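The two complexes that follow have chain A in common; it is paired with chain B in the first and with chain C in the second.
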Partner chain A sequence: MGFFDTLARWLGMKKKEVNVICVGLDNSGKTTIINQLKPQNAQQSDIVPTIGFTVEKFASASLSFTVFDMSGQGRYRNLWEHYYKDAQAIIFVIDSSDKLRMVVAKDELEQLLNNQDILSKRIPILFYANKMDMKESLSAVKVSQMMGLETIKDKPWHICASNAITGEGLPEGVEWVTDQIRSMKK
Partner chain B sequence: MFTLLHGLWKYLFQRDEYCILILGLDNAGKTTFLEQTKIQFTRNYKGMNLNKITSTVGLNVGKIDVGSVRLMFWDLGGQEELQSLWDKYYAESHGVIYMIDSDDRERLPESKLAFDKMLGSESLEGVPLLVVGNKQDIENCMTVADIKDVFNESAPRIGKRDCLVQPVSALQGTGINESIEWIVQCVKRNIHRPPKRSDIT
Partner chain C sequence: MDLFDEDVGNISQPSPIALVEAKRERRQPRNQSKPASHEGNAKWLHAHYDPYSTLYTFSSCIALADLHGDGDNKLIIANLGTGKYDMKLKVYKGTTLMTENTIIDLPTAVCTFFMDTHDPRTPAVAVASGPYIYVYKNLRPYFKFTLPPLDVNPVEQDLWNQAKEDKIDVQVLKEMLESLRADGSEGTLTVRSLRFLMLDPEDMPTFANLHKHSPLKRQTVITCMTTLKKSHSEEDAISCLVIGTESKDIYILDPEAFTVLTKMVLPSVPVFLDVTGLYDVEFRIVVSCRNGNIYSLKKGSKAPKYSIELSSQPVGLQRMGKNVVVGCMDQTLQCYTTKGKRLWVLTLPANVMTMELMDYKSRGFKAIMVALDNCEVHVYNEKYLVNTIKTEDIVTGMKFGRFGREDGALVMTTKGGGLIVKILKRNSVFEEKDSRPGPPAAQNQKLNIPKKTKLFVDQTMRERENAVTMHRMFQRDLYRLRLDAARSYVKALETSMTPMSADPLEPLKLSATVNGIGPSFKLTVNLQNTSSATPSINLLITFQYDEKLYQLQRSSIKVPLLVPGLNYAFQTLVECISDKAIADTIKVFVLRKGKSMPIITGNINMPVSEAQVVV
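Right, the complex of A and B next:
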């Protein structure tokens, strides 16, 4: 099988596979975002809170993504760190209309950044300031200030405002991640 | 004996690391400049398609080794709202590259405003400053002399720090070498901001 794999990749028929981990607080819209990125016929119509984690796949123009969609609930957050090691990019979803819990998200981000597996890597982090359609939502810049993103100095990061329900803003983020991953590989 | 070996170890495996900020208005070509620099200074680096670079909202980083020093670049977003993030990086940077779009005469005053605001920051005092007139490949763009004319008013604010205006075409890669060489020289000479030591790995 290995031979056919190599051949297929060589002929450009098979896309390069990358692992991505998707984290964020509960009810920030992680599963909705991943669902929106999947091909139309594979999309689910209703989203329920994720328990543990789910593995999803989708493809961008040149890469095929395997996403570990983690549960954001407090009791499952300690699961995140087990997946850092294999991840080539992180998607961090923030509910931009939830000012109250922004500090909790900030805390979780800090813990993530101080993890040994992350600390040593130059891994790109994509932030989705989700739920931008809500009336009380903050702008992407305001979110980045509240989250203290300027303290991240050794990893490339990018923040996009998004609306996971309509899919607005999502392609830009995926494009950025694709560019970053491709430029990492020499 | 230990000191000797330790010194040797350091000499072989450690480099002085300097952090360089790349600032300027949006669409000036900061990310293109960074990518082009990476392409020119890193062996086997293919990079992304220079024609496809979109606006940065966040941070791009790049690391290059020039001789015995390592430069770490921080390329920040230039849009107006994002300029509020710039000052968070000032205290830790050893050098600043300020990008100007030489083809955009209309926004030159806006660029100068942002430039002046940056110069006014105390935490950047004495930090070498490279002003890059980008997009020199476009016909009828402003020359370095034109840019100097406008930015001369800021001279008192620049004060004693090292400053150079350099014509560059980030897309074609001209002037990049000179820019990097100059900035390396200056950050090395600047004793007020000693470098970080870092292991080569």
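Right, the complex of A and C next:
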């Protein structure tokens, strides 16, 4: 970043860019969440299961996000780890109505946390306990319990319940990530 | 006579107790087999365990299918309940119970199948129960199929007709039916007659009056059911139902019209079915029956062609490619080709409860899962145990497949009514190698055995040609040996060279021990009168020995009157006068005064004497 970038940002003309990776099991609502965070005119009306991954962009008040929306299907999950290195934050989406697969999500999280590129890094992790509107969904507290989040000691993390269809709960998470990244840069 | 030296020699040998102890030591307890490691559970994620789901069911009554076409597979269980109450078709979304439908009679099997080509592509559920198949679409009752009725025994028909017209009374009806049952045609009687005969005599008239006007029907029940794709092999192609009945028949039903497309006859009652192929092209049905045989049927065959006779009744049957794997009641897992050739047999550590095919398509991995009554589920790839899952309770029903959105899910129901769901970890691999304790693989390697030599071949030829002569020679020599042995025995008896008297008039027993390390020994001769009442008198003990070697303090001992039963000990000192480290036997004779022939003889093997220590 050159002098002009810094100046531009200081002047509020150009926002700082951050790379974020969005992971979670298939059907958890990753693409729907990212779609909801994009500006209204860029939003897609129908969402299909992601193949491989897609790159999306959206912005918060002070940051410009580049998101790697990974596919959560079993056969694509081994792609995740290739994008950990460049990521400055992780968004982990959990379908809080899928009690059966909570263990699978937990297993994937453990693998993520034990990855060489993540282990040593103090990278913020945001959890969305998504699909809070479904009648069988678990509360964010319950989800965090079942996922064993309290054992994450060396990284800042945050969980919030969300509804990707209405956008409820999403801004809270984005604000938290923004705060984390800004406090780290200082 | 040499034959007996050994026996007598025992006299100076260590006490028999030591021998017994040595034997006991040799019979060491076998190494207890190592408890199976819990390592196997590391391949599975534990998704759910509810010990109180009050599910009582078997593998044949469990199915997994995408009932709503939303990619979320539901768990369908026909619950047997207590056999009277709580017989329900339960559908679970994830682990939460979604719907329940009451089933009237005990369910025997559940299948999901596509019966039409309508959109959305949602499968129907078929529940076999008694003589009926209940078909549910969108979880609502849709159709009931009834098995074609069987012919009624004409005599039985006649009896009920007469009862209807009041030509015979209830008592006669009962007696006639009983005689019909007794002459071996119990299996062909109608349920009405059987039920009638089970009643108390006072209830019989009411029952007969109530039912005699309705036509007599004989029906069989379904014992097993599975599906067979009709003309296409796609996942969502239309399937026929294949059912096995108590009347030893197999029916293949058309999925749209529910008519019987094919009927096949078996020699016994089918229990487990395995079907592959397409109905319109070519298919094969492998069926295990209650008589412990497995039969194989092909398209067009009316009766089975191949049969496999098992060593024990089958408790599970699965197909692995071209082979059939069966678990039997004698704790074995056996593999056969469909043509009936046995490939291997494994002995399992416990009884088999149920079996399931683990077909993990996304990984192209196939294995056989066997639930045992020691709370373990074993996974076999070919004959190799590749994984062991420990469970909280004995598993009675098991299904592997896609559940929810997870492809590698294993659903298990337990003996105590619990429900367990395990999910295969994404990264777990099953090593193809044999992790079973036992001989290492190297032992199965063929050794490089050298070719047969000419000498070997010649010998074999000679043995083959002269087998009869060789056998005769051997027999003759054996008789000679026996004759020699008998002769020596008689001679020994005649000369009384045994420590037990063979003469009934002189019932005596002799034993002797040697104490000391030499050159002085003490020789103790024990004598016992083994008769019940007559005392022995006028006896003498004398010794025969090499005078160059030994010197005896008393070479002859006078024996007093021997009271029956008591043990008398006579002692003498023996001095070894040779300084060469050699030993000899000393013979002990018991004689009657005035007779030169001994009554009994004992041989004492003297130990080698220690050299004298001069102080």
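The rule is simple: the second predicted complex is superposed on the first by the 178 of 186 C-alpha atoms of A that agree within 3 Å, B and C clash if a C-alpha of one lies under 4 Å from a C-alpha of the other, contacts with A are read in each partner's own complex, and residues count from 1 in each chain.
As a working rule, contacts are C-beta pairs under 8 Å (C-beta built on N, C-alpha and C of every residue); 3 or more make two chains touch, one makes a residue touch a chain.
Remember, it's a predicted structure, so these values are computed and weren't measured experimentally.
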{"item": "Combined model on chain A: chain C and chain B, fit or clash", "value": "fit"}
{"item": "First, second, both or neither for A:Arg75, with chain B first and chain C second", "value": "second"}
{"item": "First, second, both or neither for A:Glu175, with chain B first and chain C second", "value": "first"}
{"item": "Partner chain(s) touched by A:Leu149 [first = chain B, second = chain C, both, neither]", "value": "first"}
{"item": "Partner chain(s) touched by A:Ile159 [first = chain B, second = chain C, both, neither]", "value": "first"}
{"item": "Chain A residues touched by each partner, larger count belonging to chain B or chain C", "value": "B"}
{"item": "Chain B versus chain C as contact partner of A:Asn27, first or second or both or neither", "value": "second"}
{"item": "Which superposed partner A:Ala140 touches (first chain B, second chain C, both, neither)", "value": "first"}
{"item": "Minimal inter-chain CA distance - chain C and chain B, angstrom", "value": "21"}
{"item": "Common interface positions of chain A, toward chain B and toward chain C", "value": "none"}
{"item": "Of chain B, residues touching chain A in the complex", "value": "19, 35, 44-48, 52, 54, 56-61, 72, 74, 81-82, 84-85, 88-89, 92"}
{"item": "Chain B partner contacts - residues on chain A that touch it in the complex", "value": "122, 127, 139-141, 144-145, 149-160, 172, 175-176, 179, 182-183, 186"}
{"item": "Residues on chain C engaged by chain A in the complex (per definition of touch)", "value": "45-48, 71, 93-96, 362, 403-407, 409, 421, 423, 425-427"}
{"item": "Touching residues (chain side chain A, partner chain C) in the complex", "value": "25-27, 74-75, 77, 98-104, 106-108, 111, 136"}
